[in-house]
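Down below are the structures I want you to see.
Both complexes shown next keep subunit A, but they swap its partner, so subunit B is in the first and subunit C is in the second.
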Partner chain A sequence: MAGTAVRGRLTWQSATVGSVTDETHQVRTLLLEVPDWPGHLAGQHVDIRLTADDGYQAERAYSIASAPGEPLAITVERLDDGEVSPYLTEELRPGDSLEVRGPIGGYFVWEPAFGGPLLLLAGGSGVVPLRSMLRCRASAGSSVPARLLYSSRSWEDVIYRAELDGLFDGVEVIHALTRSQPPGWTGYARRVDQQMLAEVAWPVAQQPLAYVCGPTSFVEAVASGLVGLGYPAGRVKTERFGATGQ
Partner chain B sequence: MSPISRGFRRKRQEGPAGRVPPGQYVTKDFPVLSAGPTPRTPLANWTFSIDGGREPKSWTWEEFRALPTETLTTDIHCVTRWSKLDTTWQGVSLDVLLAAVEYDARYVLAFCDGGYTTNLPVADLTGGRAWVAFGYDGSPLGAEHGGPARLLVPHLYFWKSAKWVRGLQLRDTDEPGFWENYGYHMYGDPWREQRYAGD
Partner chain C sequence: MKALDDYALDGNAIGGLLIEVFGTETTTATGTCGSCGAVSQVAELAVYRSALGTVVRCRTCDAVLMAFVQIHGVTCVDLQGLASLA
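Here is the complex of A and B:
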């Protein structure tokens, strides 16, 4: 489990907002220009630090949305009672300054050499690090079979919708819409459950590698569901976010 | 000198003085963070063991629960920046557990169901500062929060309070555990913001 250790000191670096892209009504992707960004792996995260003009500072961690080799990008969901995410999603404009340090984390990562087949399971904005993995797979020209099961409240809440619709060759994207569905929807219209996992998950015999990211309730249900299907616990990597603070 | 983030202002209220380490914010939730599926070990198969002393020592669940317990109220601080104040736990003091073993090691590697490990100095586990906790807020500790039992070392970042703990390995040297291998700090003092290696 060693090998990808981050050993040097992680220092704060100034970053300039390059562009902002609205993904949904409450989710925005920020492209950050960091002159000395050391590069990252798919699935890692980055710390963001904001400084108010009275010197007050706030730090939060965000999953990296871009692939290795691409400029640093984060995708942020606005939590209305949050301190940092409303600023990042509503106030921040190209040219603004903030600080970053990273990349951080070495366990919830995927590299093409890890192989697959790859089973990615996302709840809401948990899709962000998984999108980095899909972009990594594409840019590396990897032929590892990949499936993404992605649970969203509604079609309007699907992050990276156009990209997931067509950009990834050889990736099956299966949506589950839990609250509302567009007219004529024939896909899953419920939360991810054991039956859905059994229908979507690669058979255990293929030695799949699973990455699960989302809110705690989603991750708990999906990870134990995969173990119930016979996935070894060591082949199910999880990342969770609390419903607080970000 | 940090650049000013145009238009950014404090929205959160400051926590009580002296209770919230730098870079942390207070939450009333109890977020969950872990690297893999939640392990579920039947209590009949559960043991807590201390290896690496003169003689190995192990307790079954029944033996462990027969040890003297303490109820304590403390603040906890997660490296992901949430702090939770006045959390109430029930557990067995590490002083009680380590007193059952003869040792002169200076470090431990705590090991857990699911393969998770974390390293700590023995000095941080003694003197009434560390517990193996089995209860939270008057109820059995839930599996997603580390039940049936987790380490509780509240004066260090909370990843050191290893969930699903099954024992300690006494060691002469400080070997990095799971997150420490991925660049997190070897010691993890929240008051000195020791989040990552080199902090």
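Here is the complex of A and C:
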């Protein structure tokens, strides 16, 4: 449990929506102002709870998008049949409030002291906690080499595109566009497969640390692919979002 | 270990629920399946959530390890499928 922010009982707190940023046509980042936010680690999440007028409550977990030390932010993908995400991405306005509890999670976290090289593998909105890790790496001045392989449907679906484009200094970002590609695209134009992993993954001898996050089918394929390349299972951390599409 | 289907989440998703129940971060704890003896970190177990409750299954033999149901704000916990949780 090294580094885990172990605290007392987890309690629901009221958060106020600060700014709202559209990342893609169906993904939005919400800055949440929480009084006495205790801080978080890169990779942790929060639970969000909504209560309807009739008392019905719905609860979901959302990865924290901001780095440790930054204000709490979550990035939410709208699922058309979702119960919570359409409200968070379409209805919520700055100044509105919602209930939040966290930070949560001690497994899918990265701290600069863990080292690397880091291999980050994202399917769709699975990039959110990995973005927190990259921001954490940058703000800590870490020189750990990092590689992000990020699978999206199309170039328009790439979350944090401008920010990822601007990453250098020991960070490589490799995109895979599974459904459509812009004219002149020379990058990967298919789902992540074993050959792609073999091309992108750090050699096992460098003792890399891998974090895989995305829809369950993506995580299953990538994690077993890495183990197939010789990565020890204990060096492949996974977080599954269920059937969110990719 | 079988591949999980699309509807499965993993133990990370119930980190909050587990703190509520056990009072401490539990996704990094190690659970032992009472049916097949498989040992796994809680974060790596299969989790199925529905309006009725939450079921946690073994990744090796599919046995139910933990079940959580909320009734009138009280969480009922069934850990009979676990040989140990440490």
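What to note about this one:
The definition used in the following text is that the second predicted complex is superposed on the first by the 236 of 246 C-alpha atoms of A that agree within 3 Å, B and C clash if a C-alpha of one lies under 4 Å from a C-alpha of the other, contacts with A are read in each partner's own complex, and residues count from 1 in each chain.
In this text, a contact is a pair of C-beta atoms (placed from the backbone, for glycine too) under 8 Å apart; a residue touches a chain by one contact, two chains touch by 3 or more.
Just so it is clear, the structure is predicted and the values come from calculations on it, not from any experiment.
Aligning the shared subunit A places subunit B and subunit C in steric conflict.
By the touch criterion stated above, A:Ile174 is placed in contact with neither subunit B nor subunit C. Of the two partner chains placed by superposition, A:Leu79 touches none, neither subunit B nor subunit C. Looking at the shared chain after the overlay, A:Ala138 reaches neither subunit B nor subunit C.
Shared-chain residue A:Glu220: touches subunit B and subunit C both.
Here subunit B and subunit C are compared by how many residues of subunit A each touches, and B touches more. By the touch criterion stated above, A:Ser14 is placed in contact with subunit B alone, subunit C being left untouched. In the superposition on chain A, A:Leu229 makes contact with neither subunit B nor subunit C.
By the touch criterion defined above, A:Val200 reaches neither subunit B nor subunit C.
Superposing the two complexes on chain A places one of the subunit B stretches 2-10, 20-28, 56-64 or 92-100 into subunit C: stretch 20-28.
Comparing the two interfaces of subunit A, the one with subunit B and the one with subunit C have residues 1, 4, 6, 8-10, 61, 104-108, 216, 220, 224, 237-238, 240-243 in common. If you check the complex, the residues on subunit A that touch subunit C are 1, 4, 6, 8-10, 45, 47, 61, 101-102, 104-108, 215-217, 220-221, 224, 237-243.
Subunit C meets subunit A in the complex at residues 3-13, 15-16, 19-20, 23-25, 27-28, 41-44. Of all the residues in subunit A, the ones that touch subunit B in their complex are 1-2, 4-10, 12, 14, 49-54, 56-61, 82-83, 86-87, 91-93, 96-99, 104-108, 216, 219-220, 223-224, 226-227, 233-234, 236-238, 240-245.
Residues of subunit B touching subunit A in their complex: 2-12, 23, 25, 27, 29, 31-39, 80-82, 114-115, 144, 176, 178, 181-183, 196-199.
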